[in-house]
Amino acid sequence: MKHLMMTMKASVAALALSVGGANAADVEVLHWWTSGGEAAALNVLKQDLEGQGIGWQDMPVAGGGGEQAMTVLRARVTAGDAPTAVQALGFDILDWGAEGALANLNDLAAQEGWDDVVPEALQAFAKYDGKWISAPVNVHSTNWVWANKAVLDANGIAVPTTWEEFTAAVEALAAAGVTPIAHGGQAWQDATVFDAVAMSAGGPDFYKAAFIDLDEDALGSDTMKEAFDRMAFIRSHVDENFSGRDWNLATAMVINGEAGFQMMGDWAKGEFLNAGKVPGEDFLCFRFPGTTEQVTFNADQFMMFDQGGSVSSEQAALASAILSPSFQIAFNKVKGSVPARTDVAGDELDACGQQGMADLAAAASSGNLFGSMAHGHAAPASVKNAIYDVVTAHFNGEFDSETAVAELVDAVSIAK
Amino acid sequence: MAVASSDTAIRTGRIARTFIYLVLLLFALFYMLPLYVMLINSVKPLSEITGGGMMNLPDIWTLEPWRKAWSEAQIGVQPTGLKPYFWNSIQMVVPAVAISTILGALNGYVLTKWRFKGDTILFGLMLFACFIPFQIVLIPMARVLGVLGLAGSTWGLVLVHLVYGIGFTTLYFRNYYAVFPTELVRAAQIDGAGFFQIFWRILLPSSGPIAVVSVIWQFTNIWNDFLFGASFAAGDGAPMTVALNNLVQSSTGVKEYNVHFAGAILAATPTLLVYIVAGRYFVRGLMAGSVKG
Amino acid sequence: MGFLDIRNATKSYGQVEVLHQVDISVDEGEFLVLVGPSGCGKSTLLNMIAGLEDITTGEIAIKGRMMNGVHPSKRNIAMVFQSYALYPNMTVGQNITFGLEMHGVAKPERDKAMADVAKLLQIEQLLDRKPGQLSGGQRQRVAMGRALVRNPDVFLFDEPLSNLDAKLRVDMRTEIKKLHQNLGTTIVYVTHDQIEAMTLSTRIAVMNGGYVQQLGTPKEIYDTPANLFVATFMGSPSMNLIPVKLRVDGNAVYADTKNDQDEKVSLPVFEPSATVKSCDGQSVMLGIRPEALTDPEGADQRSTHVERIRNTVTVTEPAGSDTFVATTIGGAECVARMRSDADVAPGRVSEFAFNMEKAVLFDPKSEARIA
Amino acid sequence: MAVTDPAVGASAPDFRTRLQHWIPKIVLSPSLAMIFVFVYGFIAFTVYLSFTDSRMLPSFGWVGWENYSKLWRLSHWEISLINMAIFAGLYIVVCTAIGLMLAIFLDQKIRGEGVLRPLYLYPMALSFIVTGTAWKWFLDPGIGLENVMHTWGWTSFSFDWIKNRDFAIYTVVLAAVWQTSGFVMAMFLAGLRGIDNEILKAAQMDGASNWNLYRRIIIPQLRPAFLSAFVILAHLAIKTFDLVIALTGGGPGRATELPATFMYSYTFTRNQMGIGAASAVIMLMTIAAIMIPYLYAELREKK
């Protein structure tokens, strides 16, 4: 009993200072990178820190693209026991920033010149109110198409660069008896495709107006209806069993030559490499037709929770290690994404990776880099999920395109 | 089971019996199916799975996925397998099951043998508590655990499972003790036994069957819980289900289904064992009270 | 002041009073039986004596020591339950000594007490068995052993024989009576069986509806029941009740009614009291037990007041030692207890002898006996 | 005389008696305290949250009924309620029917009962984190049952419910029934074994056929088992969450959303805690509407 009372007192004191639960010289890291390659890559970071005498308390919570981890994070923060660093995406970072729960990394950022090397569109999610609050690890771009080269060659199809070429290619594959598009019918996968389709249908300005500014006119426009019509086209060229399928099983269809294309983020590359395929020879990677200039992205970052008003030395070391060029390359080589800083050399990456880096740099400088709606980098979670609802309902035939547009306007207005 | 029904009065004809056996076997197949899928795929190389034919027997049999799931698979940044988390779960489950069963037994004892005004209402309130969806308690629970200084500790988890299990254990024991002769308690009182002596010497020795029901129920629920385990355990103190989830779920990584299934069966082994070992007492326990009301 | 005193004890559950103002004083060595139909409050009263139920108002004292609020184990009582309440997980020996163990009696003493009791009840060979392995009669003995070993001031029995078959019940009844005579203990015994009450007790409290209807020796209860309830509840077959009209004629009082041939019948009341005499012209109930309504040859030879009535026999029930004969007098169904060789047959008119010395009168409105 | 205590003679209850009087309440109190804080306290907190503008974390700006009006405007919520009605209704009825049937069949002195019983019971022991995947595969027309039937030559066989918006909810029922019907079977089996055989013999003397014997004599006597099964099943139906997440993720589209998944998603992944809390309150009220009459009837009867 006495012991309990003491623990209580201690914890109340800890709450008052809002100090995390990990030991003084430890960092506790909440993340959802538990699959083989990702975890191994993260282990690089762990060893780096341990080399500096900083212990690493691992707190992995996988599931649902970080949804589980975010739930757990809320429980931890509510309990007054926030982890030191937390993997997070897009608006979640800004929301935590708005809660005032995150540490200000500006000193470190200035010292290491983050402002100059991290693309502006990405900075929008790493800074809140002018303060750096998280350390970006990578940039995933989501508007990739993955194709089986043998299948394309067999049907005499070149890499399509416009929507028209794409529809022709798809129909050619369908005529040849191959499933044209491999797709997994989960809300986030539907939305990933929708991102790219909307971008190709209406161009970057439309994309920004609709998904970032949430402009009602754009959301309710004929262009949006066109986007939904294109989704319907895609829906009619996926196989019957698409519903509920995991994305990597869809990727396996492309790998096995059962399907021609898959629209998926750059993490799909890992599946190809894992199956022993070589980029450019066995499989092709290219931007979704009609979005060749643009890059929609999502970026993994590590938010640093406030440790009593200042950045602890462990956090600084962790953040510094995350943004170090060597880690950026080592990690992204495994992850399939590209480094969050544009100043590192990409020689070690494969062909697709190098193209990704080049695209990113180009898009960043030409103002064509946009946060992905599907991955929570365009609008807050409530809006994102509201859009998911409509896109998925439409994709599964619940709405026709016209209804979908009306529902979209309505859903976004409720969620805003 | 050779109780009570050794003298069933019902006789069935030959055709009816054949039909009954057929139905029973069909259902046995139905219940076995998912386990079959899991077992079969846990002994195949990954290439056979992604190559299709998930219902087929393996071409190459391998125990590699099992070894990997147990001791090598990546759970967090380190390739520890499920092994270390097994012990975490045990540390959490054993006290939580033991305490909730004992408290449930004591509550059932009080509510049936030491009745007082308003006890029925209190019991109703405890029973209704069983129905609370766990998702809604997550945030306030986190706060309370934080204030108690139990956040991120095994004892915090034990407390959580205790709170949400006690309604059920109380229900089981109450129904069981309701048909336990009150005269025995009165006789013991006259003999000079006190509250705890009566419980310990008279009721508890006769509570075997219902204790089995309570333990099975609690063990299964607590062992399989994910939400609380993920939210209230610190990283390396996480229970088995959280580790399993980390093994199985990965949004953007390669999915090794054979390892996942091996891990799933490993994680389920203790509960399966409990059902197989204690299963025969289970029906007896249910019979002894909980369904008689 | 008696050995066990119950003074104005009442019991209420919330607003409902289930036991009203019970006043009983029991002397040392007495065998008090509480008898009545189920729900009459007899078990509640017993539980109050045991301390298993609170006393709402009033007092209960044993050996002059106030028992209100005293824990059952501190009252130095022992109780035998209807279901025997043997602890199923303990052996017979452990069952018997459990109470001693709880009272901190040392093991050697316990064993000796157990051996004595086991010898007394002839259950030595059962000591290592579990209650589940015993027959009904054996369990009954063990339950009594458990009570005896405590050597209490008062024994409480709660319908201890009702779970036994008929033959065993009679045997155990005799055995309990012997134990009482040999040990001279004070016993309070609850039963709904009036024969048990009559055979065992030194005094009976007949209870109904939460009231003690009559408290007295078995003879008093049987011969001079205080009211209609006691009259009908005690005795088997129960007392005949014939509606009559009282007629005072000088010093004599007659009970007038009609036989089943519609002839007027006048039965002279034996030694009428002043109260009876004051009831001229009133309709009352004449109570007469079957054994006081016989064939003329079977009538009590010592009785000087035997009246004869001719009436039609409706049913005869030969019971071996006696023959019970049903007839209708004054519109009421009556049973006469005749000798087994009495010359009666259904449908025939026979003579019925009334032993008026045993007859009693009741006021039908208040149901009380007119003394 | 074994024990007497001449010292005590006062009319006030002695210490031990008073202690004995309080011990039961003292023993009960920790459980009650826990229930009151962790269940009823939290329910009160949730009710309060449902009237606030909480989004990511609880906040305490009062917004009145706004969350409720938003909630009832969401077609998503409507779908999840309809699904709940379909799911709970079917799940409870089918589980009860299968459980009862298996129990009756198993009660016919079946050889191998000892093997069959654990086979029926074991699904309850598994968590859905992974059996969900097994089910998903099995139900998937491309790789599961339909595919197997096709390879066996029955090419017209079609079983694609999990991919079909109108039928997907039934696959959720199927998997849920798989998990709990064995447990219900055990409850009924226990009930059957507790029935007095003499009654059955008497009924047979009266010339009742087996069918009538069960319909008229045995099943009516299983009332307590029915009630217990109902409570357990109703409680599991309301809490069904993992199953949907693992099996369909709420899809295809939103076809298998249930209130529990709705609440979780609004509270935790959509940062609309106020609406999530409002949906939780509606859920609790529904549970209360079903359970309180039941509890009232059950507990009053036993008194």
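For clarity, chains are labelled A, B, C and D in written order, and residue numbers in each chain start from 1.
The working rule: a contact is a pair of C-beta atoms (placed from the backbone, for glycine too) under 8 Å apart; a residue touches a chain by one contact, two chains touch by 3 or more.
Just so we're clear, the structure is a prediction, and the values are computed from it rather than from any experiment.
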Label of the chain whose CA centroid is most distant from the centroid of chain D: C
Which of A-D and A-B has more C-beta contact pairs: A-B
Distance from the mean Cα position of chain D to that of chain C, given in whole angstrom: 55
CA centroid of chain A to CA centroid of chain C, Å: 90
Chain centre separation in whole Å, for chain D relative to chain A (CA means): 37
Touching two or more other chains - residue numbers and ranges from chain C: 71, 99, 103, 150
Chain D residues counted as touching two or more neighbouring chains: 3, 16, 20, 57-58, 143, 264, 268
Multi-chain contact sites of chain A, meaning residues that touch two or more partners: 64, 71, 74, 78
Complex contact set, residues of chain B against chain D: 1, 3-5, 7-12, 16-17, 20-21, 23-24, 27-28, 30-35, 37-38, 52-55, 103, 106-107, 109-111, 114, 116, 120, 122-137, 139-141, 144, 162-164, 166-167, 170, 178, 192, 194-196, 220, 223-224, 226, 241, 244-245, 248, 257, 260-261, 263-264, 267-268, 271-272, 274-276, 279-280, 282-284, 286-287, 290-293
Touch list for chain D against partner chain B, complex: 3, 16, 20, 23-25, 27-28, 30-32, 34-35, 37-43, 45-46, 57-58, 98, 101-102, 105-110, 113-114, 116-127, 129-131, 133-135, 137-138, 143-145, 147-148, 178, 182, 186-187, 189-194, 197, 200-201, 204, 210, 213, 224-225, 227-229, 234-235, 238-239, 241-242, 260, 263-264, 267-268, 273, 277, 280, 283-284, 287-288, 291-292, 295-296, 298-300, 302-303
Residue ranges of chain A in contact with chain D within the complex: 64, 67, 70-71, 74, 77-78, 95-96, 99, 185-187, 239-245, 380-382, 384-386, 389, 392-393, 395-398, 407, 414-415
In the complex, chain B residues that touch chain A: 50-51, 73-79, 138-139, 141-143, 145-152, 230-232, 234-236, 238, 242, 245-256
Chain C to chain B touching residues, read off their complex: 47, 50-52, 71-73, 77-79, 81-83, 85-90, 98-99, 102-103, 146, 150
